[in-house]
Structure formats: structure tokens, C-alpha cells
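This is the structure I have questions about; it appears just below.
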Amino acid sequence: MVENMTTPLLSDSEAPADALPVCLTSPTVAILGSGDFSRSLALRLVASGVRVVVGSRCVNRIPSGLFPDAVELRNQEGAVSQAVCLVFMAVFPEHYCSLLGLQSALAGKVLVDVSNGAEMNIHGPSNAERLAELFPDSLVVKGFNTVSTWELQTGAHDGSRQVMICSNSTEGKKKVVQLARQMGFHPVDMGGLSAAREIEVAPLHLFPSWSGPVVVTFLLFLFFYGYGFLRGILLPFLAQGGHNAFYRLALDLVNESLPAVALVTLALVYFPGLFAAWLQLWRGTKYQRFPSWLDNWLQRRKQLGLLSFLCAALHGVYSLCLPLRRITLHRLVNTAYRQVKAGTEEPWDELGVWRSDLYLSCGVLGLGVLSLLAITSLPTVGNTLNWREFTFVQSGLGYIALTLSITHTLFFGWDFAFHIEAYPFYMPPSYLLAVVVPCIVLVCRCFLLLPCIFTRLTRIRRGCESKRNCPVLQHHHVVANGIP
Amino acid sequence: MVENMTTPLLSDSEAPADALPVCLTSPTVAILGSGDFSRSLALRLVASGVRVVVGSRCVNRIPSGLFPDAVELRNQEGAVSQAVCLVFMAVFPEHYCSLLGLQSALAGKVLVDVSNGAEMNIHGPSNAERLAELFPDSLVVKGFNTVSTWELQTGAHDGSRQVMICSNSTEGKKKVVQLARQMGFHPVDMGGLSAAREIEVAPLHLFPSWSGPVVVTFLLFLFFYGYGFLRGILLPFLAQGGHNAFYRLALDLVNESLPAVALVTLALVYFPGLFAAWLQLWRGTKYQRFPSWLDNWLQRRKQLGLLSFLCAALHGVYSLCLPLRRITLHRLVNTAYRQVKAGTEEPWDELGVWRSDLYLSCGVLGLGVLSLLAITSLPTVGNTLNWREFTFVQSGLGYIALTLSITHTLFFGWDFAFHIEAYPFYMPPSYLLAVVVPCIVLVCRCFLLLPCIFTRLTRIRRGCESKRNCPVLQHHHVVANGIP
Amino acid sequence: MVENMTTPLLSDSEAPADALPVCLTSPTVAILGSGDFSRSLALRLVASGVRVVVGSRCVNRIPSGLFPDAVELRNQEGAVSQAVCLVFMAVFPEHYCSLLGLQSALAGKVLVDVSNGAEMNIHGPSNAERLAELFPDSLVVKGFNTVSTWELQTGAHDGSRQVMICSNSTEGKKKVVQLARQMGFHPVDMGGLSAAREIEVAPLHLFPSWSGPVVVTFLLFLFFYGYGFLRGILLPFLAQGGHNAFYRLALDLVNESLPAVALVTLALVYFPGLFAAWLQLWRGTKYQRFPSWLDNWLQRRKQLGLLSFLCAALHGVYSLCLPLRRITLHRLVNTAYRQVKAGTEEPWDELGVWRSDLYLSCGVLGLGVLSLLAITSLPTVGNTLNWREFTFVQSGLGYIALTLSITHTLFFGWDFAFHIEAYPFYMPPSYLLAVVVPCIVLVCRCFLLLPCIFTRLTRIRRGCESKRNCPVLQHHHVVANGIP
């Protein structure tokens, strides 16, 4: 038995040699292929203390200095024969069959398939499965394809980069997992070789979690832009014939649509949470799964929030640009001109002054709170928060931002919504449309804070069940979790 | 003995089985409870290659698909009997006593208490200590409560998340430490079970390091806002009866107070460092500890700096909003009107043009430098800097930002401070008040750069002692440190 | 042999004691010196479960509470005698010789040199090499000097901080590597003790990768500022005698130069990539290394991009400040005055309105896209992207930002470039100069997208060789890499 104080200094690599499979006592690793990936892999392996042999068909054509000095360059047969256990296949998958001559030399060894898939929606076996068919006596492991050459060369700076690994051979997987850890990566076991397809296409994904939120935001923008165009430009032009306001397309209309989009998107961040709460109240339990669309929506809240922030920030910058416009200068000068013609100073408009100051203040503060939210959604900042702090920021500050944004809109709209001129062609102004969903969200949220409902929801979330669904288990409140 | 080249491929998990305690050879882990935490824990354990049995009172009520397929669901007795060594207690602490029937089955096993404390200031034993009393024959270990369910499910992405662990049993602690590492966490040993209280309330903290700086900043804001209200609005209103300037409350006064707060807070960032330097000079040694209030202050500099940046940024945005205000338009039009009435163009004011350009430039540049400081205070950005770079940014750039801010204020104030009208009711303008502390800090800093003082301070910081305090040890300059 | 399911719970520290060198069974570590670094090191070692003895010449002068309770304080001889294997030398290198009396006590032990170099360009042996000369019977290992005392005290939060280690003794290096890992650091083997010089000066570097880009940006700024000064202020002043436009120095000229610098710098980000592509096309292979200046340039693209963003952001803020200037008010009032004198309203200038709106829009959007690029260059954000996403952001969005910036400039310039008044003293306006390089980059890029060239380049990048360079190997397309 080990004594207590001895353990710390015993590291991963200190087990006695005699108790281990022979294969591990000489860790020379071979890499077949001499491309960029091979080179970066070799660099990293050498830096991790592994002896590396690179096997290439045309060794003499490799420029000197391309590989580090510690790497031995051989022809393919020579490299494989030196590799005691692990061989990386850094060749294009379409050339796997050209390696069939090495079949017997590779028998019993672990072949690591590092190739990427060519397209997202391909049918047929994955590269790794094809490799396993070609070399039935080898242990094929899929892995490392999600790591870029750049990360291989510099990755030591943050040793927690994930490497997905799968294989039908537990023995082979174990060896690759060890090597990955030694190289400073964080290996993740994805199961059998049938998972290789998924791993191979992983590097082809293009922001999968963003597509939905981006589409929603874009459609909202299109809607508000189109609505504003119809209401403010096209219909007046057709009706009054010749009243040309098309100059508003480039900036005014964009700056009218952006805040509407930002407001609705921000409300959409908090909508699914409320819906989930109502569902739990109605079902009386939290042990039924949410419908998958709600689950998806809940998982996209961060993206929706960031897009809302983006729109709000753009709206802010556009608004600050307003005094720089040619048209602003034009209007100012002509206002002064008319005032002079009229022969009086402009009267003091206390209400107007208060209104403009208040909606500017609410807007600035709302955007400020949204910025804090955006900053805490950065991975490292969020990681330093505990659960209570995270909830405080994301839920507490989020609702404050929503309230400030609604106030900003209402101060902006003021009493104009009650004048008939605000409804040309019976179309309300777009800020009125934009404020509907956020107000509903805010009212529902306040409703959930009513003591009777709040208590019931808390009980359900702590694992209690209402009588309706689970009459037998009334006295069993035990099934619960450590973190509410 | 192991040869040198063999070690790299031997991983953490490659020690021979016969040399180990029986308990470790079959790592099935049991989780009691089937709530959210239990589910997330099971997911992570399975993903880390551990076999998991979940024990629940009402197994048949758990919806299929809630737990991953690899998890076995049993009743509590069955789960405990399968667990060879480790049992996670994912039930609410108030239900611990309902598990007393499992006492003998749990004897000799490691019980991991993952519960949170209910409130910050509770007296009496911690949950883990109560658990240890209830199950005296088990090895109770506190841990994992600081990890959220979300981090359990996704944490593999950054394997360095801290997990605080404490226990009276070194054996038990060792096993939990190993498991935590295997799950991709960074276990931190907090000592005996008496530390459990502290670990349990850790997730209840709400930005503990921020409360002081936030309170200071808020009080400063209140002071400057109140002062400005008194000096600029209330007293003139009372004195002149009817001169109503209350419209300035919403935006003007806020935008006057924010830069004052930002300036004073930024000075407070550099004040304790200077104070510490003077203390070391006066004492002639660095081996006496600073008073605790100074230590606390030194540790809150980052927070103070970020709050200063927040105020400065808000001030910037508010200022940029000024041309958008209704009152600005009003003033412009009336100025033009009066110019026309007077019958002359406004004369060219070269000095005024220079002054406004200079204070705008200083403000923009000062805010820019503060932004760089704020960015480098992000954990990952700061981590990539070495000590010299960090000092250059935080101290060098910091003093540049302070100087620019002071210059900005002085250019803004210009010669107004020397006119009698600037002192209504004998109260100086708030920017004059705000500039006092920063100027003191700057002067003290320059004083410390005087060669004689600088040399002495450097010697003290390298570990030398002045004669006054340590006459015997004059020739011993050895006690020192590697990084000055 | 170990069975499969047993492995996960076997951790790094579970190997049997009898199979290990005696030195490891008692991991008491000694630290010589009692300065800040020694204290921080002791704190971290204790937190990692290591027993620590600190050796100091004047033990009784160390204030109680300076070191944690678990640390034993001894005189130097006592500390060394307790250390079974590892001794940290936390004393200034100039005092190494004062420890010669411990030579025999330190024989056979691993001495860790944690000192920093005093200056960048010193000749002669490194501190660690001098230590090795003084203690020839000890195993000297260089390491830990790049870690700051602050990271030692708090580093557990992110366990992947890099620690560079070198030594001529593999045995010694292995032990230090293990200890570093246990302390939560990521050890990186830098080879033999001759690398100690490089490790010692590492903390003295001041943004080595930034110096080139900063100099380039600064020179560009100087050029554009000087050019604008000559063209817009000095020459008109000399020519017309007395037309004083020197007030433009503080803000106008800076705000004219910044966008020009931002535009050129952004083009310089994409220039080397295009050059590399042309080089590959011309050579017909990717297996020849790029000239080193091109390699350097390619590696500085991130820094150039961030500096471009900084200039663009400053330009944005400066521009938004324009309405706040005294001179803007002056001009507005006088324009209104002249309008009144002329007796007509200012006529509607549709073209001018469109133009100003379009260049503002392009500017805002361009800056927005650049902000996204800057955010993804944060280490943690970039880490969450796969290769395709990274390319999409850095290359796709980058070219969009470049196009928007060029459009912004062209809309700003409009048809002024075709008027003779735009060329006083035959000098074109600076925005015309600034737009040249970006346009070239854009045209070259479009050229590379032509199908015939694109296909050829893709083939070369997949490892194919053109006939010209490698006639013998035509049928060998195998040498390739996993990630194109």
C-alpha cells in the first residue's frame, strides 16, 4: 500500500515497466504522410516528449528543416516497423488503399485516422470505417481531426482543448486517450467507431447553434423594415403622389427597425423560460421532459441575447451618427430661418426637454446593462461566476435591461400613440408593434412572482409533485437534487 | 525501474491492479437521488468512462431517456450495494435521515455530500457534518457543490474548473480527488470536514469582491449628484425664486457626476499602491505585513478600475448623446435667432476652438487607454501576458489614463475656476473637487520616481533592510526572492 | 493486467510504492529563501498537498503568519536535510555562492532555479548554468520563473498555465514536470540547460509580437498626419500668407489620419496571404518554405488587424464627437445667419443626403464587422470555433469589413476626387492615397477566385505538385495531410 504523503509526487508516468504490455515500453510513434498536419503533429509530439518517425513515399523530397531535428524521416515501411504501437494516418482518405502493402506490418497496431469528412451529407461508411475494413487486423481509432494544425503547434497554452475519440477497440482507445492527455488535450470518448461519421463532419459545421437565432433575427428585421417602408414611404408616395421620402431607406428606416428587432429578440430570450415555468405549474411536476422545440429554444437563449445586444448596439451607434447627417444640418438651418421669419424665439418646451432626456437616459442605461450581460457571456468571465451570481446577472440584469428598453420605447413614443396622425393607413408605428411581446413577457414574469404561484413553483422545482399527477407518492419528497 | 523513453505513454490509469486496494478495481459509482444534479452528474461520469448506478425511491416514475442509457436505475438499496466505493448523496439535506436504513450498506464507503447551504449565516453543523454524524461508519467527503449542473454537462470544454473538497478521511478524499480529475475538474483540497461550512455557502456568495468597490462608487456618485443638485439647482431656485432648472436632473447632472466619480475611483486604484510604498520606505523593510485594510484595498484595485471604466464609458456615451437632446436644438435655433437680431456673424473664437478640441481629444484618448486596461483584465487576455507586460499595462497605461483624464478635466474647466461666478454660494464646481485626489496621487507618484527615493525603494523590495530595523543583519542580503 | 473497467478510478498517484525510487516516497520539498516568491510557492505547494520546509538564514526574523501553518521554517541546513529530493532556490542569483557550504548536503538532489535574467542582452552563462557549475553533484533544473507570485497564489483557477522547464538531467526534469502538473501547471519541456538563457529572459519580453505591427501603424500615422499637415495647413498658410488653419491640428487632422491608417493596416492583414498564394501558384508546390519575412508577416496578421480595429474605433469615436465641438456650433450659427441674410431657405440636396447616409451606414457596418473580428480574436472565443468557423470569420468577415471600409471611403470622397480643387499643390487628398493598397488587395483576391486559378491553388494546397518542379513524382499524390 502507498502511504499518504507519498502520493503527490507519483505522477502519471511512474508505474513500473514490468507490469505493462510490451507495446507501451517503447513509445515511438509513426506518422504516415508528410503534409502540414503531419508536420504539426510531429512538432507537438516531440514537444510532449514522444519519439516520432515520419514515413513518406518520397523522403528525399522533404525540405530539410520542415520537421524538427528530433523527428526521424523514413520511407513508409521503415516508419511503420519502428512504431511499436501507434501509427497516425496523416494521408488523404482517398489514398488509404495505396497503403494496402503495409497491411501485415500494421497488424496489431493502433491506426489513428485523423481525416476530415469531405461533405456534410455523405452516405456510406466514414473514412475511419473504410480504414478499418482495409486493415482488419489493426485497431482503428478515430481522433484528432477536430484539432487544427495551428492548435497542434501552439495548443500548450491552454491544455484543455477537447479531442473527440472513438473506436471499437477499448485497448486502442485507451492508448490514444493517454497520448492525447500527454499532448495537453482533453480527450472525450465518443463510443464505438460508428460515431466516426459525426466526428468527421464536426469541423464542417458552421455555427450550428447560431443558425436558428440568426434566421429569426433576420426575419424580424425584414418584417420591420418592410413594414416601415410600406407605412412611411411607399403608401404616402402612392397616396400623395410625388412626396418622395426614399432617402430614408439608407439610414432612417434601418435605425427604426433595429431597435424593434432588438426589443423583440430580447423578449424572445425570456419567453421560453416563462413558458417552461407555466408548463411545470400546469403539469405539477418537473419530471416530464419539455417538448423538443422548447428545449431547443431554451438552449438558444444566449445566442438570441447576443443578437439582441448587437442590434441594440448598432441602433445606438446609428442614433449617435444622426447629428453628422447632411439632413440634420439642413433641418437645423431651415428651422432657424423660419424662426427668424416668424420673428420670435422658439418657446421653451419643458415637457419635450424632459421627454428627450428620459428616453436618452433609459436607452443608454439599457444598452449599458445589456453590455454587462454580453461580457458575462464570454466563456472565461462566466466561468468565474458561481450559480447565484450567474442567475443574478442573466436573469436579474436581463429583466432590468428589458424594462429599461421598454421604458425607452414608451418615452420615445410618448403620447403620439394616442393621436390619429400616428395611424396613417390604419397602420400603427412600428415601435408600438415591437413593444407588445416584451410587455407580455414582463407581465407574465410579474405574475410568476405572486407569492402563491412563486411558492408552488419553488416546491415543484425542488422535486415535489402535485397530487394530480402522483397521488401515491405524496409523502416522498426525497427524489431531489443538490442544487435547486 | 522505468526507462526514460517508456514513461510518456504510461498514463494515469496504467498501474497494475494487484497492487491496489480492492475498492478501486471496480469503479462503479452510485448516485442517490434522481434530480437535475443527479442526472447531470451521471452524464458527466458516464462521459468520463465511469459505470454509474442511480438509486431512487421510485425508479419506475423516472421518465425513460432522462438518464443516458449506460446508467443503471435501481432502488436505493440496490444502487448502494452495487457501488463498490463511492456514493454521491444527491438528495436534499433535509432528507438525509430518511436514508438511515442504508446505514449498514453504506458502512466503509465514501459518501460525497454535494449539497449547498440554505443561507449564508446559519449556525450549527454543516450538512456534511450532519451527514457524518448520521453515518459514522462511512467516510464523508464534501465536494462538487460549487459545480453547476450546466458545468457538469458541458465542462469538458475547459478542464480546469475548480472543485473544492474537504474531508476528515484522507482515504476518502484521495478517491474523490482522483474522480474529480478524471472528470476534467481541478480538485482543491480545503482540509478537514470543518471546512465544509465554507464550501457549502460558496455558491451563495454574490460578488463578494465587488461589494466594497460598488458601495464606494455608489456613495461617490450620491455625493457628487447631491452636491451638484444643491449647487446648481436647489440653491439657485431658492435664492432667485422661480428659476427652474429641475430639467437638468435627468441627464445633465448625471453626466456631470459620472466623470467626477470615474476620476476619483481611478485615483483610488493607485492610492493604496503609493501608500504601501511609503509604508515600506518608512518602515525600511518589506517583511512587515500591511494593515489589513490596506491589504483589502490592494486586492480590490481591479474592481475599482473596472467601475471607473464603467463610469467613464457611460459619461462618454451620455456626452455623445448631447446633440440628440431637444434642448440642444432649442439652444442652437435661439442662438442663431439672436445673432440675426444682433445683425452680426458670430466672431471667430480661436481659443474656444482649441480648448474644446483639446478636451475632447484627451477624453477620447483617456477612455481608449482605459478600454485597453479593461480588456487586459479579462482572465484569458491577462493570462497571456508575462509579469513585465502586465505591469506595463496596469501601472504604465494606468497612469497615462489618469494623466489624460486630469488633463481632460482641466481643459474642460479652463480658466473658469479663477472667476468669481464659478463659486455661487461659495461652492466650487464639482470637477474641481474631483480633480483634487487624482492630482495628489500623481504628485506622490512623481515623488517616488525621484532617484534617491526610487533607489531606496528598489533596495527594500529586493529584500534589503535599513539599519534602523535590523542592525545585526546588515551583511545578510540573501533572504530574497526570484522575482523582484 | 488491468481489466478495462478498473482503469478510470486509478489515478496518477496510485502506483505502488515499492516499485519506485526511494526519493519519491517522501515528497518533502525545501525552498531556500523566504521572499515573496518563496512564500507564494510554499502556499501553492501546500495547497497541492506537498509538505514544504522553508530554509532561511534568519528564521527568527520571519513574521509569524507570513507562511501558512503547514510550512516548517528551518535554517538552510535543516531545510536541505529534510528535503528528500527537490530544493527550490528562491534566492537572488547573485547570492548563489553564499550557499556553497551546502554543496555536500545538496549533492544528488534536484535544484530548481527559479530566477529571472537581469537584462535582455547579457552574455556569459545563464543563472541556471552558473548554479550547475557551483553544484556539480546536484541535478539543476530551470523552471517556474515565468510564473508570477500572483499566479502561484491564485493559479488553481485555470490549471493550464504554461511552465517552461529545461535541464541536462532527464531524471531531474521528470520530477519537476510531475510536481508542476500536480500544482496545476502545464509543464513544457524546452530541452537541455542551454535553453535556460531563453527561459530566463522570457519574463523580460515586452510584447515581442506587437513591436513590428505597432511600429508599422505608428509610421503610417506619422506619414498621413505629416502629409495632411503639409497639404492642408502648412502649404496653404505659406502660399496665402496668414490663412491660419492650425486649429485643425488637435482633432481634425488626427481624425483624417486615423481612418487612412486603419484602412491601410487592414489591407496589410490580407496582403501576405495573397502573396503566399501567388508564391505557391508560381512555384507550383507548397513544400517550399516561404521567405522568413513573409512568415513573420503572416504571423503578425492578428496584431495588425487589432491595431486596425483600434484606429477605426478611435476614428468612429472622434467622428461622433464632431457635433460637440465649439467650431461646429460656430459654423451652424453662421450658416443660418448667412441663409437669413440671403433671404432664402437652404435648398433640398437629395444627392448630398443620400451620400452622407450611405457613408455613415458603410462606416458603422464596417466597424461592426471589425468588432466581431476583434471579439473572435479573444483566446477563449476563438477556441470554441472549429477551423471552418474560424476561416469564415477571419477571412470571410475580414474581406467584408475591407469592402465596407473602401465603400465608406469612396462614398465619403464621392466625386471630389475628380475636381481640380481637390489637388492643391498637386497633392491628392489622403483618403485617395489610403484607398490604393486596399483596392489592390481586393482585386487580387477576386482574381484568385477565378475558377481556373482557384482549382489550381486548391490542388497545390492538397499536396499535388506541378510537373515543372517534380516530373518524377507525377503519380504520387499521396504525400498529403488530413486537414487541407
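All chains are identified by letter, namely A, B and C, in their written order; residue positions are counted from 1 within each chain.
Everything below uses one rule, namely that a residue touches a chain if its C-beta (ideal position, glycine included) is under 8 Å from a C-beta of that chain, and two chains touch if they have at least 3 such contacts.
In this text the structure is predicted, and so the values were computed from the model without any measurement.
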Same vs different contact residues, chain B with chain C, by half of numbers used: different
Cα superposition angle of chain A on its copy chain C, in degrees to the nearest 5: 120
Separation of chain B from chain C, taking each centre as the mean of its C-alpha atoms, in whole Å: 24
Junction residues of chain C - those touching two or more other chains: 1, 7, 12-16, 19, 49, 157-160, 174, 320, 323, 332, 336, 340, 378-380, 384
Chain B - residues contacting chain A, complex: 1-3, 5-16, 21, 33-39, 47, 49, 56-58, 61-63, 65-66, 89-92, 95, 98, 114-116, 144-146, 148-149, 156-161, 170, 174, 184, 202-207, 244, 247, 250-252, 254, 310, 313-314, 317-318, 320-321, 323-327, 329-330, 332-334, 336-338, 340, 378-380, 384
Touch list for chain A against partner chain B, complex: 1, 4, 7, 12-17, 19-20, 24-28, 48-51, 85, 157, 159-160, 162, 174-175, 177-179, 181-182, 186, 188-189, 287-289, 316, 319-320, 322-323, 332, 335-336, 339-340, 345-346, 348-350, 352-358, 360-361, 364, 367-368, 378-381, 383-384, 386-390, 392, 462-463, 470, 473, 476-484
